[in-house]
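Chain nomenclature is as follows: A, B, C, D and E, assigned in order of appearance, with residue numbering initiated at 1 for each chain independently.
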Amino acid sequence: MNVLEVRGLGVDYLSSSGAVHAVADVSLDLRRGEILGLAGESGSGKSTLAHAIGRLLRPPATITGGSVTYHRAEGPPVDVLGLRREELRAFRWRELAVVFQSAMNSLNPVSTVGSQIDDVLRIHVPGMSRKARVERSVELLQRVGISADRRRSYPHELSGGMRQRAAIAIALALNPEIIIMDEPTTALDVVVQRDILHEIRALREEYGFAVLFITHDLSLLMEISDRIAIMYAGRVVETGNARALHKAPRHPYTLGLLRSFPRLHGPREELLGIPGTPPDLRSLPSGCAFHPRCRFAFDACDSTLPRLDPDVACLLNEGKGVQ
Amino acid sequence: MRFLTRRLGFYLLTAWAAVTLNFLIPRLMPGDPVDLLVARLKGNVDPAAIEAMKKAFGISDAGLWTQYVDYLGNLFRGELGRSITFFPTEVSTVIADSLPWTIGLVGVATLISYVVGTSLGVLMAWKRGTWLDGVLPAATFLHAVPYFWVALVLVFVFGSTLQWFPGSRAYGLEVTPGFDAEFLASMAYHATLPAVTIVLASMADRILGMRNVMVTTLGEDYVVMAEAKGLTSRRVMWAYAARNAILPNITSFALSLGFVVGGSVLTEIVFSYPGIGSMLLKGVENEDFPLMQGIFLVISLAVLVANLLADLAYVILDPRTRQ
Amino acid sequence: MKIRIGIGILVFFVLMALLGPLLLPADPAATSDAGLQGPSAEHWLGTTQTGQDVLTQIVHGSRVSMGVGLLSAVIATFFAIAVGLVGGYFGGAVDEVLSVLTNIFLVLPALPLIIVLAGYLPQRGVTSVAVVIAVTGWAWGARVLRAQTLSVRRRDFVEAARAGGEGPFRIVFFEIMPVLLPVIATSFLATVVGAILAEAGLSFLGLADLSTVSWGSMLYFAQNGQALLVGAWWWFVPPGLCIALIGTGLALVNFGLDEIANPRLRTVKLPKEAKA
Amino acid sequence: MSEVVLEGRNLTKHFRAARGRGTVRAVEDVSLALRAGSVTALVGESGCGKSTVARLLAQVYPPTSGEVLLRGRRVRGFREYRRQVQLIFQDPFASLNPFHRVRYHLARPMRVHGHVRSTAHERELVAELLERVSLTPVEQFMDKLPHELSGGQRQRVAIARALAVRPIALIADEPVSMLDVSIRLGVLRLLEKLADDSGLALLYITHDIASARYFAEDITVMYAGRLIESGPGEALTQAARHPYTQLLLDSAPDPDRVTPLDGTRHGEPPSLMAPPSGCRFHPRCPVALPICATRVPGRTELGDGRWTHCWHAEAAGLRHN
Amino acid sequence: AKGAAPPLVMHAIDSGTFQENFNPFHLEGVNFGTTGMIYETLEYFNKLRPGEVKPWLALSHEWADEGKALTFTLRQGVKWTDGKPFTADDVAFTFDTMSRHPELNKGALEISGTEVLAPDKVRIDFKTTSYAKLFNISGNTAIVPKHLFEKENPVTFTNPKPVGTGPYKLSKFSAQLYEMTKNPAYWQPGKPVVPTIRFPAYTANAVQTGLQQGEIDWAGAFVPDIDKIYVQGKPEINKYYFPPEGVVSLLPNLTHPVLSKPEVRQAINLAVDRDKIVKVAERGYTEVAHPTSIPMPGGEAFLPPEYKDAAYKVDVEKAKELLKGVDPAQLTFTLLVPSPFTDWVNAAQLIREDLAKVGITVETRGVAFQDWVSKVGKGNYDLSIRATPAGASPYFQMRSLLLSELAKPVGTAATGNYQRWKDPETDKLINAYAATEDLAEQQRATQELGRIMVEKLPVLPLFYSPAWAQFRTNKYVGWPSAQDPYAMPSPYTSPDAAVVLLNLRPAGT
């Protein structure tokens, strides 16, 4: 059962030196209650996609096409891109919340953590009493492992991990259906990251929201997500079950990524890496954008644009990718 | 708190330096006030009287060091000496008579300019791409026009030609100073054009400064996050974006007060406004050391105090500097 | 776009300053019997009370006004760079002393200071006025540059240069300064505007060398001749307008520079859809 | 074992915190030795003092106490030291001056240290360097500005710059953490090759213990300003002795992991302004002993070049003897 | 209402605000009207008719002891506005105060003592012969009431509630406006006619608008374009009269090796087109000075007979001729003018143009007023322009122009004779004037001085400095005019302004 369906979404950044096609023809399903991992190199359009889904893009970004449909548990589907201002405000945070990469930057530095939770409650639950709001804030903070007296702290008075937790607490305030997490742990060290990932999973179990989890750390995604989508140069090149993807990647890019991570345990596998550099999104290579860096590339790759069909976008083996 | 103590120490040092420079500068001036007096009285004074007059004016031939010690001692006792131009009026009286006018005019005008300019800056950053962008070139132009030129044009158009507003004086000749409605109304009426001049000419700085910081702030994650939280635009714009963007502008605002006061010298002169600027010019023209020193001191200290207040405001507005 | 309009304005005035006096070689101070005449074929911008040709004065005055602006901006920027970069880079006691100095100059009322210093100079020509304006006008730039230097000095490439064995002089002027060029340019342009305005203000108060024809002295004479009261707008308006235009031009270039350094500042055309 | 090229002995560094609010005890009693032709890794969480150690070793900062020895001697001269020990920074986007061309970046250190005889010679040397870091065709790269290069290419330029002075020891402070995964490998391989071929002593600083396993012979783990464990990479990653190293290994993302995550929280890294007494890890340590809170554990040699600072190891060692 | 005479709005001195100071001893800061309207002098000297002296508070004066003792016979029945009678004690007190406080003694009177001879007779004794200072003694010293001033320190006293003998009393004061109303018990019966005078504060700028909009009845302002701004096509009502009150001359620094040569000064004299300067720079508001510098009309008796009709004529050829012997390279001078005096700046420009025609290069340099005062005072200039006030008779002007005692060495500030003319013959003539009370003898000395002016060219007179006076006849008539120059018409001259006020009658009478 999909809670969110993205179809053929495209986003351009207009600039004087030409349009940057940051997201091109992306289709994606997010199922109710799952964690969908979105991985890809820096600049591949992950954040842009996430912002587009939340309608958070600012000029010079423009949505060039496609649709985003939100399915409530009951009721008719919602065309997110067509929402009017008021509807959009209600959609945001009630249905969809966001946790950004660096919590230091996503929390307002001049107001307390408590008041930033309070803000959401006041706007979205107009009838709620002051006391109830305070109680709710305390409850939320405790839920993510922050003691109640920290409600009055300013963001800079909290450690990195606490800030990230606070950001998650804010995201949980209205029990949304979807939480988009854009590299929520990149700025943290591994031990704290581990704790927070654990927290996220536990909360997911409890509340049943779906997560779109964005990171460039594929091994992390493999561990935490149910399904994974790999992006390259603005396109989704492969999707699939996390385990399956790990065991048998089918896109050469996915394979390359996987074989770029040194492993902690087991035998020392040879690392492959990916030669070359990520492409310029203003003038993508023709055909498959990955072909200049692809070790399996053949003639057709530079002329034919492979489609996601159904899970991988690669011309190898008649569209089935590496086997 | 330490921060403030340190700043306070710094201000004391600066104040001392300013006081010392104030002492030195007039003494480096060419000529001396009695010569000037003689020149202006077109020789109606006999040279024999000059020595005695010098004595009466407190111009001493004592060593610079002795003069300096005397000067500091007098300052501590709050004695600024007697003005030469307005002999035998005490400098403190002259300042006390003129300062309220300047503070009233410059203060109110600056406040208006700050509030309006900052708000415009906020709005312009928020509504980029709308007609508000047109304010930018207009502000730029006003930014570059000489203060006194604007003032003269205003006097000519609204004072002499249309006769909507008086083009000189601080209040009508018919009213007697006092705290009654008639006087206050006359005062406000007379202050209109000068205030408009100061506002027009100084607002551009505020608009442009605020806009630039605001635009940068709008790109911050916490603003995007606030928007994602579904808060109303008003709240995002003011409580999140503007609230943060205003911080770096506070310091520049305090410093620019000095420039506004400088600019108001010209404005006061065009409008024959009996403020401290007119007095300063008079003092300078007549080499009235005591008066100039007193006014220098008052302006310098005012700017210092304004800076200190800005530091205080900063501490209050930015929790990161508290602790 | 902005930068182009700005540069256009500046080029116009620079050409006027460079070529104008060659095209209009007459002495701008030369008087004639035709006093206070409105614009005509003979006098495009009319004449002053003493029959001087306003256009000739504007053209010749542009050299002085812009010269004062440029010269004092060069000097002020030099000071600002020296004080700001050195203080910012070396920090410690040097910085403390230099920032106190900077702050004192920021706080001191500039106008009387300018008069004092002008009086102190043996000559009170255009150069002296420019020097004096520079002496009182460098502090702002120094402050900005110091702040920027403080942030740049912590950047890795400075550390890297140091680790590579470069000496402090080389680091300040070859590593840090080039990076600050946009800031220096911005502060330079702002100082030019400031200096032109200051010269005009000084002249207007009768405190500059009024026997030299500059836009400021033109305004002074226009005001003294009550140009507006006698309806001689052609005498009063052009100098002020020129100052404002050149200031606008400089500011536009400045914005352009800002926008190059920080693309977010650009004004954008909103696509219809996104506006809703 | 090859010769020790660069050695830090009992290095301690305290900073005065901003606006005079106490001291940051960033590095406490750290001893570290780099050997010619070998890569040593320094691993630790963000903020634990790795970069400070790097800068102490490079003598960018003077140590509060302790000393740095180059081939067993203290070196005083600023330039002389720079000629022998070089630093590579984490962020290739920030460590190259955006204003200068590649050629300038490489030629300056050579000039400063007097390796250049003429302009032609300089060009030759620059070309050689570019070749060494595989930025070919050399002609094309020589006159590029940093913004025209990709991250990996920039980091190569940064490495080439460090090599330009012909150092004997190279300190790489998280040289790849800002790079895309897909291009990290190339840079790391280059560093490895330099150590192998030119006999450079290399310190590889990272927070990614897995990459340390792959690229370093020895790994030293640091926690909150102190060293806690060291040993040959393979042995250390496969059988860590210090509870923190174990936690680090457990926490690192690993798709192959079979055991599910356990739910205990581990708290935050301590503040270096008021570090925990005793073993600095004790507040987060799952197996802390009472003594951990009061006394700093000494170094326990574990054989095969391994050692650790842990009361458990000490106790076990005592029992063995 | 008909019958009630309207108030007169007067502007004397440019000022943004007033300070409450009505102490006539003060030079600066004292508000205009203190001397003349409130306090009065012993006699009145009409500067437009040198030699004409009118009794005022004193009925007569008498010199004795070779000009070292002066006895005044005082008017009887004069009362202070607080009702106390005016007596010889007040006069003695006034002069005693000046000798006690040299800083108040602006005329530098060398008073050695005073003696009250009778309630209406007082003698003042001087250390030196003081014939020439009669104007300072009796024409320029306001007599103050002893019973009020003896309680105060006259140096710092601001006298906010002045009590005088004059035709007016202070009735209202604020920083922007003060008002005087007529003294009903004034000793001139039936006078003054103008019941109220208002003094609003006007700055130099505001006064132009004030004149244009008809707010001011009597002003003494320089108006750049008087026809447009002030007269506005109504010459019958909006009148002005600018008599000379001194002379503006071109100062050649005589310590300059080239300018000290008479033929160079002569050449300059011949080259400068004074008519044009008067017409263009001075807008025709004044007239070219007589070559002797003596103000005309009025000074006829002081002119040397042979130069009665002398006038300047431009002669470029002759000037060139005179300069033949001088190295052209040396003929380069700077002409220093105070920037705020725009008319002089314009005049300097014209002089530059004229001198260029005879091969003299002049660089005009406008400097701040105080800088100019300092430089000219110390003799650090080549050429400059400066005004010299006429005083009560041409002698004062000549003295300050030519007395060698006033010419200090270069580098020391002088108070007159800025061009540094040193000539024993000149000094002898000046001293001769001061040593006699006899008008004819005085006139003879002055004539000789005039001859020196014309022949030796110690300075080059340019034009008369005009006294500014604009007055409207819609409320009051009886103003001074060229036909009837009974007093200086400028509102800023004391006590003349009071004399003018006493002469006014309502319009239509």
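Going forward, contacts are C-beta pairs under 8 Å (C-beta built on N, C-alpha and C of every residue); 3 or more make two chains touch, one makes a residue touch a chain.
Just so we're on the same page, UniProt names per chain: A, D = ABC transporter ATP-binding protein; B, C = ABC transporter permease.
These figures come from a predicted structure and were not determined experimentally.
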| item | value |
| --- | --- |
| Far-end chain from subunit A, centres as C-alpha averages | E |
| B-E against A-D, pair bridged by the larger set of C-beta contacts | B-E |
| Far-end chain from subunit D, centres as C-alpha averages | E |
| Inter-chain centre distance, subunit C (ABC transporter permease) versus subunit E - centres from mean C-alpha coordinates, in Å | 44 |
| Rounded Å distance between subunit A and subunit E, as computed from the means of their C-alpha atoms | 90 |
| Distance between chain centroids, defined by C-alpha means - subunit A, subunit C (ABC transporter permease) (Å) | 50 |
| Contacts with two or more other chains, residues of subunit D listed in rising order | none |
| Where subunit B (ABC transporter permease) touches two or more other chains, by residue | 29-31, 128-129, 155, 160, 218-219, 269 |
| Residues of subunit A touching at least two other chains | 59 |
| Residue ranges of subunit C (ABC transporter permease) in contact with subunit E within the complex | 29-31, 33, 35-36, 49-51, 115, 118-119, 124-125, 206-212, 217, 220-221, 223-226, 229-231 |
| Sites on subunit B (ABC transporter permease) touched by subunit A in the complex | 128-129, 218-222, 224-232, 235, 239-240, 243-244, 247, 317-320 |
| List of subunit E residues in touch with subunit B (ABC transporter permease) within their complex | 16-17, 19, 21, 23, 26-29, 101-103, 105-108, 136, 140, 155-158, 174-177, 198, 200-203, 205-206, 209, 212-213, 246, 369-371, 373-375, 377, 387-389, 400, 406, 413, 415-416 |
| In the complex, subunit D residues that touch subunit C (ABC transporter permease) | 58, 60, 78-79, 82-83, 86-87, 89-91, 94-100, 108-109, 112-113, 158, 161-162, 164-165 |
| Of all residues in subunit B (ABC transporter permease), those that touch subunit E in their complex | 29-32, 35-39, 41-53, 55-56, 82-89, 94, 97-98, 155, 159-160, 167-171, 173, 176-177, 269-270, 272-274, 278-279, 282, 285-287 |
